[in-house]
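Shared chain: chain A. Partners: chain B in the first complex, chain C in the second.
Now for the complex of A and B:
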C-alpha cells in the first residue's frame, strides 16, 4: 500500500517535469541568494577576526592617553620599571599603491604572546629589528618594500617601533598593550602615569561593529531574495497539491490515513529540499565568489576594512545552506500540507470554490498586513538600526500581504464597469486567476519596490555626492610635496602661478573616544562660498578667520548629538565652540576642521605636505607641466580636480555595484516566479479557455488575452510598487542611513528611472507570458476538444 | 440545407485509428436529427467537425452552402459566434461568470441583443439562479444554462453532444424536452448525439453510427 501510494504521488512529477524544475529552481535560487550573502558576510567577519588577532586575539586591555594624544617614551619606561607588563604599539595608516594600509609598529621584546604579530615577532625578530615591513601577500603587493607572510591579516603591515615611527612621523606610542600575566602587586596607574587610562577590550572586534550595518544590509537583501524565491516554491507546491487533489481523494478513499498521506508528502518535499539545497549551495558559492571582490572594495572604501578577495567555505556553511533549504520548504509548503491534513476523503475539486476560498484568505492576509503595518510603526518608534530594519521589513511585508486583496478590489471594480462581454469575462477571469498568480505578483511587488527604493537611494546619494564633490573640491589642482622642507621653495615657485595656495594639513587623533581626523582650514573666501554647511552660525567664516571655533562633520555631530554653539573637547586638553556642521558623505569617521593657525599651534606631527591650488583663470595644463618640468615634482604627486572627482565617483559606483547586482538578481527571480506561475496555470486553464474557443474566439485571440492579462497585472503591481518603493527609499535615506552611517541625505525623485523600470517590468511580464501565450496559439484543437469529452 | 456533410473521414494516431469513414449527412432548418451509436463510434468527432472545431482529413462540410473546410480559423470562429450553438456533455460554462452573464455571453459576443431574455430565463426555469455561479448549480441546472447560452444567440444550427449524459433519467428527460422544444420554436436545426434510444425516438430523424460509418 505504502509503495503504491508513494508511486502514485510521485507520478505527478513524472508527468509534469517542468513543474518539478520550477520547484527545484525556486528553492535553489532562494537558497543560493541566502547562502551567497552568508558566505560573503562570513568571509568578511573572518577577515575582521584575523585583523583583531594580530595583536593577541583582540582580547587585551590597553592603556591610552586620556586626551587621545600619543603616549610618551617616559610613561612607558616608568610603567615597565613599576612592574607593569605593557608593550608599546604605534598604530597608523600609510599610503600604499592602491589605497591606505594600516601600519602597526610593535616591540618584539615585550609583545604579549598569542596573536599573529607575536608569533611573527618571535620567529623573525632579526628581520623586524632590521627595519623590514611584513604584510599579507595581498597587502605586500601594494607596498613598495614589504616581505609577504601568510600569517598576517590582509590590509595590515607590521614593523618595529623605529620603522613605524619614521614612516608615520611620530615619536610617541598610540597605546600600550597590557599583558594577561602581571605581577601580583603593582602600583596604581594613577601614581605612575595619571594621564593614561585603561581601555577594556571589546568582545566584538571594532571593525565588526563598524561594518555591522553594511552586513545587516546585505543580510536584508539576502532575506528579501530568499523570500522572493520561497514565493516560487510556495506557488509550485500549492499548485501541485491542488492538481493532485483527485489523487489525494482517491488514496484517502482507498484507505490511506491523512497522517500517512502527509508523511509521504513531507518525505517527497524533504527529498526535493535536499536536492535543491545542494544545487543552491553550489550556486550560492558562485554568487559569493562573483560578488566578493566588489564587497571587499566597498568595505575598503567605506570603512578601510580589508577583506581577502578569496572565498573559503566552512562545513557549517554547507550545513546551514541545507538547513535553510529545508526550513524554506517547510515554510512554503506548510499551508498546503495543513489543508491536505484537513481534507475530507470526498472533497470535490471545485476550482472556483478554491478561488473563492483564496479570496477569503486574501481578507485574512489583509488583517496580517495591518498587523505588519503596526509592527512597522513600532519599529519607527523604537528607533536605532534594528528599529529601522523593523520599519522596513514591516512595510514591505504589509504591502506584499495586502497586494492580492487590493488587486482583487481593483479587478472587481473593473469588472463592474465593463460593458463588453469579453472584457466582463476578462476582468472576472483575471480575478479568479489571482490566487494562482498572487505569490508571483507579491514577489514582483517586492522586487520592484526594492528596485525603486534602492535605486532612489543610490541616485539621491549620487546626485548629492556629485553636488557635494563640486562644492567640496574647491581647488583646481591638488599637490603633495615630497618633504615638508620644500614648503618655502614651493610657495615661492607658485607665487605668480596661482591665485592662492590652500594648505590641506591634518593629523589623526581620537575625539570623544573615537578615531577622528583633524584638519586645518586657511582663511580664504572660497570656503565661505563653497563649503557645504548643514547648519551654522551666521558669522561662521568670520569667526574661523579670527581663529575662533571649529567645524565638525555630520557624522560626529549625529554620533555625539552636537550642535552649533556646543563646546567640543579636543586632544591636547583644550576645547572650542562649534561654529557649524558640514556634510561629509562617504567618510566613516568623525572629522574636525580647525582654523589653520590653531591646528599648527596646538599639534605636533601634522602632515603638511598637501596643498590645494586655486589657479583662477590660469592654464591648468601649463601649471602641471611647470610643476613637473621646472619644479621637479613627480607626476603622481599632482591630482587635478577632474581626476579626483572621477576617482571619487568610481569608488562610489563600485560601492553600490553589489547592491545593483542583488537588485537585478531579485528582479530576475521575481520574473522567473511569474513565468513559472503562468506556465503552471496555463495547463490548468484549458477547461476555462476551451469553451471560449468553442463559442467563437480563436486561439490567437486567447493567446493575446493571456498576454494582455500578464501586462495589466504587471502594470497594476508596478503602480502599487511605486509608492511602496518611495516609502522604502525614505526609510533608507532618513532612518537606516542615518543610523548606519551617521549622515542624512536629501531624497530626490527620478521619474525617468520609474519609467525605465515600468518598461522593464512590462517586458519581464510579457517575456514570462510569451511562452504560455505561444503555447496557447499553437495548441492543437484536439487538446481543446479533449476538454469537452473528458472530465479533467 | 443548414448543414451538409459529405463523405467525411477522420483518423487519429497517424491513421491507425479511423474514427469516421465516408460519412454523409444533411440537416434542414428546424429539423431534429438524433445521432446514436456506441461509445467511440465517432458521434462526438462528427459534431466537433460540424462545428468547425476539428479539422477534417477528407470530405466536405457546408453550412448554409458555405464551405467550412475552406474557411480560415478566424472565419470559422466568427461563424460559431453568430450561427452555431453548442451544448456539451460537461456543460462547459464559464466559471468566473454568473448565470445571467453566462446566458448572455455568446449572444453579446456575436453582437446581438437577446430579444426576450426574461422569457428565455423563464422557459429554462432559471429565474432564481441568475446571480449564482456555475459551481453553485446542480448538473441539470448547469445544462439548462448551457442550452440557454447556445439558444440566446439565435443560432441556425444547434449541436448537442450527449447533453443528458451527465444527468439522471428524470432530469435528462426534462433537459432533452426543453432542448427540442426551444430548437423547434426558434426553427434551428438540431443535431443531437445520444446513447438513449428512447430520447432518439423523439427526434424527426435518427442516424446510427457504427465504427465510423452510418449504418442506419
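Now for the complex of A and C:
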C-alpha cells in the first residue's frame, strides 16, 4: 500500500514535468539568491576581521599621541624601560603598480604574539629584517617588490619598522600596540609619556559598522528575492496539491490514513527541497563569484575596506543554504499540507469555499499591515541606520499586506460601474481570483517598488554626482610627475604652455582619531568660481588666500558635528578654524583642505607629484603631445578632465552594478511567481469558465479575457507600487544615506524609468498569462463539457 | 654555556638553516666576525661591556636562594646579544632577555626582545649597567650589582656583592668547546652573596643565598655536529666551586670539561678526561624526557657527588625552550648549584 501510494503520488510529476521544473526552479532561485548574498557578506566580513587583526594587532589596545602626531622613538624606549610592554607600528600608504596599498611597519622583536606577526612563520622574520615586504598573494600582485604570504590579510603589506620608515619617509611611529601581557609592576602612563593616550583599536566591528548599510542592502535584497522565490514555490506546490486532489481522495478512500498521506507528501517535498537546495547553492556560488569582484571594488572604493575578489566558502554556508531551502519549502507548502490533513475523504475538492474564507484573510492582512505601518513609524522615531531599515522594512511589508484588500476595493468600485453582464462577471471573477493571486501580486509589488526605489536612488545619486564632478574638476589636464625633483623643470616647461599650474598635494594622516586625507589648495580664483561649498564664511576664499583656516568635507563635518567657525585640531599639534564645508560624494573618509603654504610648512612626507593644469583656450591635445614628446612624461601620467570624469563615473557604475543585477533577478522571479499562480488558478477555474462557454463565449474570448485580467492586475499593482517605490527612494536618500554615508542627496524623479518599468511589468504579466491563456484556447471542448457531467 | 640556546635563538629569529643566505652571518661562518684568540687577556672594566665585533655574547646570572619562609628558590637573569650582521653596528644587534624564578609553587619565567641602537637594551661597562626594557643589572661595578626583572606574575629585586676577583675559565679565559677547536672568551664571578626580595601578586618574600655570573662571547662556539649541552655551576659547602659542561654530539659522543675553583678564587682548568657527568634518572617534563639526577665525578679532587634537581618543572618555555633550575649536591661534597640542559 505504501509503495503504491508513493508511486501514485510521484507519478504526478512524471505527467507534469513543467510543474516539477517550476517548483525546483523557484526553490533553487530563492536559495541561490539568498545564499549568494550570504556568501558575499560572509566573505567581506571575514576580510574585515583579518584586516582589523593586522591593523589593530588583533584587538589590542593602542597608545597614540593626543595631538595625532607621530610617537618618537624616545617615548617608545622610555615606556619599555618603565615596564610597559608596547610595540611600535608605522601605518601608511604606498603606491603600488595598481593603486595604493596600506603598509604596516612592525617591530618583530616586540610585536605581541597573536597579532599580525602570528601570521608570519618564524622564517619570514628574517625576510622582514632584510627589508622584505610581505603581502597576501592577491595584494602582492599589486606590488612589484612584495613577497606573497598566504596567512596575511588582503590589502595590506607588512614590513619591518626600518623598511616602512624608509618607504614612508617617517621617523616616528603611528601608534604603539599594548600587549595583553604586562609585567607585575609598572608606573602610570602619565608619569612616562603624558602626551600619549590609550585607545581601543579599530576592530572588525568598526569597519563592519561602516559597511553595515551596504551589507544590509544586500541582505535585504537577498531576503526579498527569497521571499519572492517562495511565492513561486507556493504556487507550484499549491498547483500540485490541487491537481492531485482526486488522487488524494482515492488514496484516502482506499484506506491510506491522513497522517500517512501527509508524511508521504512531506517526504516528497523534503526530497525536492534538498534537490533544489543543492542546485540553489551551486547557483548561489555562481552568483556570488560573479558579483564579488564588483562588491569588492565597491567596498574598496567607497569605504576603503579591503576585500579581495576571491570566494572561499565555509561548510556552514552550504548547510545554511540547504536549511533555508527546507525552511522555505515548509513555509510555502505549510498551508497546502494543512488542507490535505484536514480534508475528509469524500470532500468536494473544489476551491470555492477557500475563496470565501479569504475575505477574512483580507481583514487579517489589513490588521497586520497596520501593525507593520506602526513598526515603520517606530523605526522612523528611533532614527539611526537600524531605525532607517526598520522604517523601510515596515513600510514595504505593510504595503504588501494591504495590497489584496486594496485591490479588492478597487475591483469592487470597478464592478459597481460595470453595466454589461460580461463585464460585471469579469470584475466579480477577478475579485474571486485575488486570494489565489495575491501572493504573486505581493511579490510583484515588492519587486516593482524595490526597482523604483533603488532606481530612483541610484539615478538621483548619479545626477548629483555628475553635476558635482562637472563643478569640481576644474583643471583641463591632470599630471603626475615621476619624481618630486622634477618640479622645477616641469614648472619651467609649463610656464608658457598653461594658464596656471594647480598643485594637488596631499598627505594621509589621522584627524580626530580617524584616518583622513589632508590636501593643500593653491590660491587661484578658479576655486572660488567653481567649487560649490555647502556652508561657508562669506570671505572663505579670501581667508584661504591669506593662509587662514581650512575646508573640510561633508563626511567629516557630519561625523564630528563641525560647522564653519569651529576649530579643528590637526596632526602636528596645531588647530585652524573651519572656513567652509564641501560635498565629497563617494569618499568614505574625512578630508581636510589647507591653504597650500600651510600644508607645505607644517608637514613632511607630502606627495607633491600631482598637478592640475589650467589650459585656458590653448589646445589641450597639443599640450598632451608636448608633455609626452618634448617633456618626456609617460602617457599614463597624464589624464584629462573627460577621462577622469568617465573613470569616476565608471567606478560609480560598478558600485551599483550589483544593485542593478539583483533588481533584474528579483523582477524575473516575481514574473515567475505570477506564472505559477496563474497556472494553479487555471486548473481550478475550469468549473467556473465552463458555464460561460456554455452560454456562448468562445474559448478564444475566454483566453483573451484571462490575458486582459492579468494585464489589469499587473497595471493596478504597478500603480500601487509607484508611490511605494518613491517612498522607498526617499527613505534611502534622506534617511539611510545620511546615516550610512554621511551625506544627503536631493531626490530627482525619472518618469522615463517608470514607463519602462510599467511596460516591463505588463510584459512579465502578459508573458506569465500567455501560457494559461493559450492552454484555455486549446482546451478540448470535451473538458468543458465534462465539468457538467462531473457536477457535484 | 648556552651556546646552543643562543644559536637556536638565531635560528628561530632567522629560521634559516646554517649556510642559507637569508640571514647574513651564520652561513658565512665566522669569517667576517672577530674570532676568540688564545692570546687575548681580559681587561676590566672594558670587557664587562659588549663586544659587538663578535657574533654572540651573554651576561648570565644564576642564584641559589633561601626564603625567610624556609623555601628554596632559584633565580636566573640573562641578557643575550646577537649580531645580525658583522661590523658591530648598534642597529645590527638583537638583544634578548630571559628571566626565570624557580619556586615550590612552580616555575615562572619571562622573555624580552629588543632591536639594538634604540636604547631599549644595552650594556655599559663602567659604571656597570646591563638592561633590556625595565630589567636591570646595574652597579657601580660588576662586583656590586642590583638585579631586577619581572614577568606577569613575579618580580625580583636582588643585591649581589662579591669580594673576590673574576675567574677566567679555560686557558686564561679561552674556553675550548670541541675537539675541533671552537672556543669562546669566558669568565665568571662565582662568589656573589645575594640578598633581596621576591614579589608575587599576593606576597613578598625576603631571600638570601649565593650567586654566579657568567660572561661569555664568541662567534662560532659550537662544532656543526654538536646538538645539546648540559652545564653545571656548583657552590660547594667547602667554599670551592665547580663549573662543568658537556657538549653532546650527533654520534652520542660528548666533549666534557670544566674548571675547579678554589675557595680563594684560583681557577684550575680541567682536562677533557678529568670530569665525568653521568645521567642517573630522568623525569618526563611535558613531552620530553630530561635527566634530573646526575652523578658528577672528579677523581683528581676526590669528588663523587650526586646532583638532584630541586624542581623538575624548571622549564624555560621561552621562544627557544630549555631547562634551567637549581640543584642540590650530595655525596662526597655537599652544596647547591645550577643546572642547564638544552637540546632535549
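Simple rule for what comes next: the second predicted complex is superposed on the first by the 672 of 792 C-alpha atoms of A that agree within 3 Å, B and C clash if a C-alpha of one lies under 4 Å from a C-alpha of the other, contacts with A are read in each partner's own complex, and residues count from 1 in each chain.
Assume a residue touches a chain if its C-beta (ideal position, glycine included) is under 8 Å from a C-beta of that chain, and two chains touch if they have at least 3 such contacts.
Because the structure is predicted, anything quoted here is derived from the model rather than measured.
By the touch criterion defined above, A:699 lies against chain B but remains apart from chain C after alignment on the C-alpha atoms of chain A. Residue contacts after overlaying the shared chain place A:492 against neither chain B nor chain C. When the two structures are aligned on the shared chain, A:691 is found in touch with chain B, with no touch to chain C.
Look at A:129: by the touch rule set out above, it reaches chain C but stays clear of chain B. Contact with neither chain B nor chain C is seen for A:144 once the two complexes are overlaid on the shared chain.
In the overlay built on the shared chain, the residue A:561 is in contact with neither chain B nor chain C. By the document's definition of touching, of the two partners only chain C reaches A:185; chain B does not. In the superposition on chain A, none of the residues of chain A is touched both by chain B in one structure and by chain C in the other.
Across the interface of their complex, chain A is touched by residues 12, 44, 48, 51, 53-55, 73-74, 77-82, 86, 88-90, 92-97, 101, 104-106, 108-110, 133-135, 149, 161 of chain B. Those residues of chain A that touch chain C in the complex are listed here as 73-74, 76-77, 80-83, 85, 107-110, 121-127, 129-130, 161-162, 181-186. Across the complex, chain B is touched by residues 350-353, 420-422, 424-425, 428-429, 431-432, 687-688, 690-701, 781-782, 784-785, 787-789, 791 of chain A. Note for the complex: chain C touches chain A at residues 12-16, 22-23, 84, 91, 94, 110, 113-115, 118-120, 131, 133-134, 150-155, 199, 201.
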